[in-house]
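Across the two complexes that follow, chain A remains constant while its partner is chain B and subsequently chain C.
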Partner chain A sequence: MNSRNRLWVALTAPGVTWLVFFFVLPFYAVACVAFGSIDPIFRDAVPQWNPLNWDFAQASSVIDSILSGPLRGVVVRTVVYVLIAMACSFALGFPVAYYLARHAGKRRLLLLTLIVLPFWVNYLMRMLAWVNLLSPSGFAQRALSFFGVNYNWLDGSPVTVILGLVYGYVPFLILPLYATLERIDWRLVDAARDLGATSRQAFRLVTVPLASAGLVAAGILIALPMFGDYYTNDLLSRSPNTEMLGNQIDFYINNSSEPQNGAVLVMFLSGMLLIGLSWYLRNTARIGRERVR
Partner chain B sequence: MTRKIRLLPALVWGYVVWSLLPVVIAVAFSFNDGRSRSVWQGFSFRWWFGDPYGSVFHDAAMRQSIVNSLVLAISTMVIVVPLGITLAIGAHRIRGKSSTAVQGLTSVPLVTPEIVVGAALLITFTRLLSGIPLGYPAQVLGNVTFSVASVVVIVRARLVSIGSSFEDAARDLGATRLQAVRFVLMPMLWPSIMASLVVVFATVIDDFVITSFLSAGVDSQTVPLRIYSSVRGGATPALNALATLLILTTLGALTLGLAGMSVWKKRHGEPGGLRNALADITRMGD
Partner chain C sequence: MQRRDFLRTLLATTGGLAIAPSVLAACGSSSSSSGALVIGTPQNPVTLPSTGEAIADGLANEGGTMEILNWADYTNPEVIADFEKAFGVTIKQSIYDNEDAAIAKLRNGTLKPDLIIGMTDTALARLVAGDLIQPLNQTYIPNRNNLLAGLQNPYYDLGSQYTMAQFIYGNGIGFRSDRVDAAQVAAEGYDSIWNSTYKGKLAVIDSYRDTISLALLQAGVTDVNTSDADVLAAAQENLIRLREATSPKVDIVSYTEIPAGNRDIAYMWGGDALAMPFYLAEGTSADALGFWYPQDTITANDFFCIPKASATPVAAHQFINYLLDVEVAIKNQTYVGYQPALTEVTVEAMLSSGGIVESVADAVVTQERYEAGARLVSLEPEVDALWNDVWTTFTAG
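The block that comes next holds the complex of A and B.
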């Protein structure tokens, strides 16, 4: 057994070593900064490399701020924005993926190509496009004011930020949704219809359960980057009124003299997502077991 | 039913237009004659090469950002693809307890937001491994770390579809395990290697978060960083031209990769053609 494994272990060694050094170790470094101390004179963070001497004072004050202080608004806003953007993305993305998988026919290849295209266009370029359109002299702004809508889109508008998130991430949702729906055996839906289900019932009782695992996985695929997003906000709003968790991390790590707070927030964000993910994994494992039964 | 069917195509085509038209307009504005990025003032190549100072081809900082982007993408590609292939093969075959550990280690980066990796690496490179300077070296290390998992995913999908029968046959004919991997398995991995090259090139050249966290000022500014820092300023349509160049580069790499995969598959008796190549590319999202 051991001699058989030797080659495979040797093959994984470079990659594993790399990930240990540049992926696992950095998390330790984040913890050491988050639970380190602050230089009394220069106010810079001093990492504490020995876990036995970790000091949780600063971390708990940040957590307090999240639970009942100024950071609470940011966290709540992040969750609300992401949830609304996810709901809009599904409302838009599911019908598109459904049509593509079931009714596109001869046009499928063309449609698929057009839908994959945004993948290969830089995210920032796609935001740049909207900044141009929504600026006071832009096409979209002028078209809207023609209909009497005068709105300051680019200065702290939650609507713009959420629309930006939807525009940015919905292509990444459609593709895995399409992959899921394409694998469904549609004869099951036909069978349900033959047995007297209305098309709505067949959709609710057959299509959705068949696609549910893929739906959730696709949702996670776009929820993760949305939770860590700060550039959409920076480009489309730049206002403290729409700040999300990612903006706070960016601010504390890159532009402030308190990187310790940034490190705590990085741990908080990873922890929050980790809890969400393990809940998902537990659920899928349970569903898998029930299916087998 | 018929009403629903008619409504659905309208929604789908509406979506396609909505998702692409803004970008098309932004590309069109790179040919604007005036300084505005939102009011059309006539067609010209002014911001591409006409303007002796402000056009993409004459602005030294923009040219530098293009070079930086290409160098970063190519260096990352060269390191990450071999690293990812060996890791994928090993992780696919390894048995026992180490299997779970390796699987875990290669899948966690896939579900970690980029900002977390970027911030963690910045802290590491400034406080722990301070021998690694920020800028190009740190940016390469960061991008390799973030993209190695996607190479593993692509290569592993191919390994699953190949199965183990070819290697078993080679072993029966007297090849050592290593020879079987080197002379039988590796050549069959070509399509996934090409796919990895394309995907890594495109992700790295478009990457913003990690590259930005690990940058060290103007010298290591890439095209996305340049776009980010000037979108909300009074930038000229040269910015649109720069962004358009980025799209053209990515699409060029994609076309090359698709053509390469298609030719390889046809030559080796596998179903080739655009449809299958496209299916390969779309499956990468999984």
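The block that comes next holds the complex of A and C.
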């Protein structure tokens, strides 16, 4: 290894150390809780640090519940909510990022600041503000009822939870998308149009592929926290009808005598996301390669 | 949103904002405990095992700062200020929103309070088994004689070796009497919570013990600590019926949501019902509120206890005694809402102090009601797991 390579290896050391201490070890600790036992007196988790002694019985019952028990509905609901929320986020966020990157001109910075500004306020505060706005006596509800829309937004409505997720995470989609779109050489789109592509074709065959890295990054950035989110649901719904995986993890870890079930769900969620993302990234890369050919 | 409302909502909704740290906190206790829990029930009262000596008689208080572990807004700040002035002690509060999490933090040393306020008998056996609390020296607490007779020698701690009761409450149904017919609620009783008329406007308590017990009581089962899997399976079916009929909210904020007009009816803690008038919208009469107290219900109380590692045990004893003074307790009630477990704190006394209003006065627990009520006691782990399974099935939707 030459000195230049050694320098780069050395520069990765802090990052690797960080990952080991703040991802690998905590994840191992979660596994030790998941496959450990429960203190018979205090009902808290007794982690089993030796993998040779891991007990999979409790994890197995949780997996059974996910496959055919009450947790199946929670998993399906979580996936559906997140997919719909992501679709809504892309539908809302992509045009905004596109406009900022391509048409905002001198007002770009101002508009970007205005979009991001509300999100400097704490997430909890913003959600509590929505609770007040959407309550039957709230301003938004009164305004909507003026137009004949009478809907109880806070009675455990999936629509409200999904809207909450979109509202909470859409800026995290807009920013990376904007950063990607802003770097696109728009002359390539002009060239496509010159060569006879319709605007729709130019968008689909030139803009989207060029923005694919940003789309993937933005999608991952919002999908990961949405899957684990529970406080949006707690604040805007608090109903069994909208229970998500994060809520069940919260219950098991903070309010039940079976904290290891929560740890199993954490591992399940991580595994599900890892498999899903790997599949998605692999597919995206394959499609990219095919396009190049 | 008022400050108390905000704080409670904040705690209720962010109890586990950091789930991963909670998982990791669980790793702090790397060894399993030994021994057995000593759990008292009204049928089998217990004398708790001795875990040490109480402080000596006649000591002067330590002065300085006393740290209290307390629920949010569970002691009137004016009462605290009065005590600080009278006894030369500065009080600092730490807040907890979950007994189990608090016990875990007491065990691993994250929390080192000098006095704990508001724990219940479901936690007591573990506090004693973990050698976390010290025996009380009752000579410092002459006001213990003000407590309701049954609570001067409670079944969970005969002789009040470790605990001194504070507030008392019973579960029931709170409602908006301008939207719900009070007579109909009284006639239907627990069935009101299953009445689909209230779909989307109804809530139950976000506590698996309380709400599963509701399902048991509604079905006529009075053993609210049952270990019978078949009975629990029936309760589960009952809760699913409830979910399908009324789409209930599952939270602990009905005391603000009912007065705000956001829901019409809820199964709730009676102490919360007494606090409802504080949260009425301006211009709304307190007559718009109502409470139905069931004949078969759960009654409970919380208590004070002093950690073994308390640095100010004398001041802690003095504060307990101070809060058990009738006048101080009434002043405390006007802020907290919950009813002090003192004989002289009657409905009339609280009405005249403005601590409660007539329309929800039925939430007050008398000595007779307290004794007639069922108690939730600690469950054995395998039984508790059954209860957890029922709750998961209900909340999973």
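Things to note:
FYI, the second predicted complex is superposed on the first by the 245 of 293 C-alpha atoms of A that agree within 3 Å, B and C clash if a C-alpha of one lies under 4 Å from a C-alpha of the other, contacts with A are read in each partner's own complex, and residues count from 1 in each chain.
Just so we're on the same page, contacts are C-beta pairs under 8 Å (C-beta built on N, C-alpha and C of every residue); 3 or more make two chains touch, one makes a residue touch a chain.
What you see is a predicted model; the values in this text were computed from it and never measured.
When the two complexes are overlaid on their common chain A, residue A:Ser256 makes contact with chain C while staying clear of chain B.
Applying the stated contact rule after C-alpha superposition, one finds that A:Ile41 touches chain C and leaves chain B untouched.
In the superposition on chain A, A:Phe227 makes contact with chain B only, not with chain C. Shared-chain residue A:Trp120: touches chain B; no touch with chain C.
When the two complexes are overlaid on their common chain A, residue A:Arg77 makes contact with chain C while staying clear of chain B. In the superposition on chain A, A:Tyr99 contacts chain B only, with no contact to chain C. Touched residues of chain A were counted for both chain B and chain C, and B has more of them.
Residue contacts after overlaying the shared chain place A:Val33 against chain B and chain C alike. Judged by the touch definition given at the top, the superposed model places A:Pro158 against neither chain B nor chain C. On chain A, the surface touched by chain B in one complex and the surface touched by chain C in the other have residues 26, 29-30, 32-33, 47, 124, 128, 132, 135, 137, 154, 228, 230-231, 234-235, 238, 246, 249-250, 253-254, 259, 262-263, 266 in common.
Of all the residues in chain C, the ones that touch chain A in their complex are 1, 6, 9-10, 12-17, 19-20, 22-24, 26-27, 29-37, 98, 100-101, 103-104, 107, 126, 129-130, 200-201, 206, 208, 243, 247-251, 260-262, 281, 381, 384-385, 388, 391-397. For chain B in complex with chain A, the touching residues are 1, 5, 8-9, 11-12, 15-16, 19-20, 22-23, 25-26, 29, 36-39, 83-84, 86-87, 89-91, 93-96, 98, 102, 105-106, 108-109, 111-117, 119-124, 127-129, 141-142, 144-145, 148, 152, 177-178, 181, 202, 206, 208-209, 213, 223-224, 227-228, 231-232, 239-240, 243, 246-247, 250-251, 254, 274-275, 278, 281-283, 285-286. Against chain C, the residues of chain A that register as touching in their complex are 26, 29-30, 32-33, 37-47, 49, 65, 69-71, 73-74, 77, 124, 128, 132, 135-137, 152, 154-156, 228, 230-231, 234-235, 237-243, 246-259, 262-263, 266. Across the interface of their complex, chain B is touched by residues 1, 4-5, 7-16, 18-20, 22-27, 29-30, 32-33, 47, 92, 95-96, 98-100, 103, 109, 111-118, 120-133, 135, 137-139, 154, 167, 170-172, 175-176, 178-179, 199, 220-221, 224-225, 227-231, 234-235, 238, 246, 249-250, 253-254, 259, 262-263, 266, 269-270, 273, 277 of chain A.
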